[in-house]
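In this document, chain identifiers A, B, C and D correspond to the written order of the chains, with residue numbering beginning at 1 in each.
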Amino acid sequence: MTIEITVALEYSFEQSTDIMLQIEAAAIPEQYLERAHIDVGNVEHFARTAGHDMIGDRLWLRTSGLLRVDYTARVRVERILTDIGTLPMLRPANLPGEAVQYLLDSTYCPATEFQYFVQAEFGHLEGGARVAAMRDWIAEKFTYVAGSSGPQTTALDSFVMRRGVCRDYTHVLVSLCRASTIPARFVSVYAPGVEPQDFHAVAEVFLGGEWHLVDATGMAKEGEMAKVGVGRDAADVSFLTAYGPCAMLSQSVDVRTIGSDAR
Amino acid sequence: MTIEITVALEYSFEQSTDIMLQIEAAAIPEQYLERAHIDVGNVEHFARTAGHDMIGDRLWLRTSGLLRVDYTARVRVERILTDIGTLPMLRPANLPGEAVQYLLDSTYCPATEFQYFVQAEFGHLEGGARVAAMRDWIAEKFTYVAGSSGPQTTALDSFVMRRGVCRDYTHVLVSLCRASTIPARFVSVYAPGVEPQDFHAVAEVFLGGEWHLVDATGMAKEGEMAKVGVGRDAADVSFLTAYGPCAMLSQSVDVRTIGSDAR
Amino acid sequence: MTIEITVALEYSFEQSTDIMLQIEAAAIPEQYLERAHIDVGNVEHFARTAGHDMIGDRLWLRTSGLLRVDYTARVRVERILTDIGTLPMLRPANLPGEAVQYLLDSTYCPATEFQYFVQAEFGHLEGGARVAAMRDWIAEKFTYVAGSSGPQTTALDSFVMRRGVCRDYTHVLVSLCRASTIPARFVSVYAPGVEPQDFHAVAEVFLGGEWHLVDATGMAKEGEMAKVGVGRDAADVSFLTAYGPCAMLSQSVDVRTIGSDAR
Amino acid sequence: MTIEITVALEYSFEQSTDIMLQIEAAAIPEQYLERAHIDVGNVEHFARTAGHDMIGDRLWLRTSGLLRVDYTARVRVERILTDIGTLPMLRPANLPGEAVQYLLDSTYCPATEFQYFVQAEFGHLEGGARVAAMRDWIAEKFTYVAGSSGPQTTALDSFVMRRGVCRDYTHVLVSLCRASTIPARFVSVYAPGVEPQDFHAVAEVFLGGEWHLVDATGMAKEGEMAKVGVGRDAADVSFLTAYGPCAMLSQSVDVRTIGSDAR
């Protein structure tokens, strides 16, 4: 499976501003970057640092006025998928230390509040079977509505509203998993088939000693996504974070599967 | 400077529950554990994992009914202090990747919302001078009132209320620093002189390429604290996190400086 | 049904502070005050104003130092109860103007967010039948746990946590009703049988052109409650509101049914 | 002063939905409706009820598909203005009962949290002098930025962000007044000079026994506004409230002063 990604962003900044971008497909074993190119124009500073958990890169820029970012990449995804429904969970006591942060509450995932709900509704299931049931429950109960949430919307809001976009589906699933003592993180990805085309977000759960992608929206296939970065929730993998006032002028994301000859 | 720590906790759990404790002074170069002992009684599981950023340990237990935890330690603190007011900040583009998480919003520190405030009030200062001014501003404007905040209180609430306890002072200072593109994290510590005696919390800011402790409450001296753990905010270094219903029965913390012969 | 109420409150105030009390059983047709006495000691000011929707009174005091309030009353309740399950709702267009405020969002009842949930789960029911089903759903799913919520807890939190005390049950039921375009308000009451004994809170819904009490906790009988006041949520009928720092020293509430000879 | 108002709204509704509109200039003594016309097209129901505090009207409609609302009015405003800076406040004990609701916390105005701030910064001022100082403080510290807030933004957020639109300025001023035991309500108005042209919102404070308009944004003159309705905050006077999913298609508001011959 090979996917082709084309992204164009235009933002404007009132004053000289520090900006963090995280929009490049990560160079990690499960996905091979056949080619990738990013152009940010003339900026004052430019630097590259490792993303959260060392997955993907964050770019730091400093600029004022108009910022135009063009990114294109071709990524061959070779992810081995497992049926998560059969995977065991590790007891918290057996988790590696670096997974523990993904059990804790974060900005958009106040997981502690969901402990009784998961116990009441999914307490008879364990590990991957529980994750699969929670994913299916969200998919059944929720409706995907573009524009129905905003940057302050948390998993609490989404759980009540039963509407949202990919970030909201993911925040709810992540919260339900953490409330079940199953580590879960937020993954920003590129995926074909997302309607309308945009940056996409899915969950990743730690089962059987490894991380596994889960898309509660059902819009994308876990084997066809290119990961950009991971974090505790959307706050960690925002595609653009500005340390000052900014205005979005335009933004386009195009992701497509390319022909079988390219596989 | 040597400090002696004595902690006793009693909690009760309705059912068999996974519990994470983070109450031990960390074994790190700047503080030497002359002795330390923890007793958690008979529990089903017991495991030790590394804390956030590999500082300190988290203990995982599983138990039901009464949990009694006794912890005692003697810690020799040999921290080299610097006048933070003179320290330069690194441009975000020059930060090490692992410090970037400490620029981002977290549960109790919605730092983005503070960008205009810091620019308006402290925009004429840079780096350590700005951190010192923000620390002094908090110390001047805020009143320490035991019981004036709760587990849902965020830096927004505290900023408006101008009252709080150590966690609240720290959340506000951390938020102001992050809004200034200065990485800041939350540190749980033991410190003599805290009134009433309790777990204490302070900020740590990344200036001149290193982390520096800052206590906005002014209750404790940065050179006399024993660090327990670090995190993005209080959610990461809670001394006890339970994955199920629990009730606190009693809790005592005693921290004292021991005689000059021990220094 | 006659009930006897005995309340004692002790609070302390750092400085001269305006205080609003709302703890007296209301003098309204459905309940007759056989006797009532309130003693607030020596205070600077004392005045009585009508409560929200002209139900009950609010007392304004101004004092500093210790405030001791003693209230006793004997109330004969003669409320005519109806089976709400059979009552029709009025279309919003037919509501009296003064009921409309009880359709709108309020501090603890962000009802708008619940619109999709009520439509999905209770959309097949109308009016009183829907209210009864929602009350039963809360009674089945929620667990009453003293101390499980705090003053910042909203209906969103409670809906997710499925735990709470009377105020939380009421906030959730009120929110679900408003999201169904059924006006619903918060009523503070005295009721025998509440465990632990305390101020109690229930919902009141507007069906068939009249207000009807509904206790989602099931702890008290709608025919045996003495109303104190009504409002949009708990913020409107707090038994004590202080415009300055205060500390609660003690508080006791005793409500009991008195013998058949008194009926 | 005579103003001419022209409003056009287009919304679409997936299903038959109850809708409340509050967009008409109120018929009250201080403003005379020379003419007014509203057209909502063919709808299933249509009814008119009194607004909050009996000021203005709320219209209830029920419709599905496209809703197009056209409203035009000519309003002669004859409001007697007073310099609020010299007005005394009433002690809470002397307030009329119906003003007390405007001292309490509401959805967007968590006034209690601001008590210490107003005491610290404005405690040396009383009544109208304090209101004027708080209005000027907001005007000095805040920047009006269209699009900088959203429907979930509260006075806490705005106070920290120091940016917002008219609703945010008003929520902050209302909160500061309530925290000072000065009743304050939210007023939706039409006003010439608002840039960009839109529905406008200002505060109204209860001083000297009467309500007085205060525009913290400084964009409009208190003597040139036509009031639409009042409430505890924006939640009470939303120009359109829908009890079901809806999408805004277009919206235009035009308010202008008409020639001296019309005065």
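Everything below uses one rule, namely that a contact is a pair of C-beta atoms (placed from the backbone, for glycine too) under 8 Å apart; a residue touches a chain by one contact, two chains touch by 3 or more.
Chains and their UniProt names: A, B, C, D = Transglutaminase-like putative cysteine protease.
Every value quoted in this text rests on a predicted model; they were computed, and no experiment measured them.
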Note to self: Which option, B-C, A-D or A-C, should count as the same interface as B-D once over half of the contact pairs match?
What the structure shows: A-C
Margin query: From the centre of subunit A, which other chain's Cα mean sits the farthest off?
Written below: C
Next item on the list: Give, as an integer number of Å, the spacing between the C-alpha centres of subunit C and subunit B.
Entry: 40
Note to self: Roughly how far is subunit C from subunit D, centre to centre by C-alpha average, rounded to an integer in Å?
What the structure shows: 29
Margin query: Could you work out how far the Cα centre of subunit A sits from that of subunit C, in whole Å?
Written below: 43
Notebook entry, point to check: Got the subunit A residues that touch at least 2 other chains?
Noted result: 116, 245
Checklist line | subunit B residues within the subunit A interface of the complex | finding: 18, 20, 45-47, 49-52, 54, 58, 60-62, 91-98, 100-101, 103-107, 110, 115-116, 119, 179, 181, 231-232, 235-236, 241, 243-245
Checklist line | In the complex, subunit B residues that touch subunit C | finding: 145, 150-153, 245
Checklist line | Footprint of subunit A on subunit C - complex, ascending | finding: 113-114, 116-117, 120, 141, 143, 156-157, 159-163
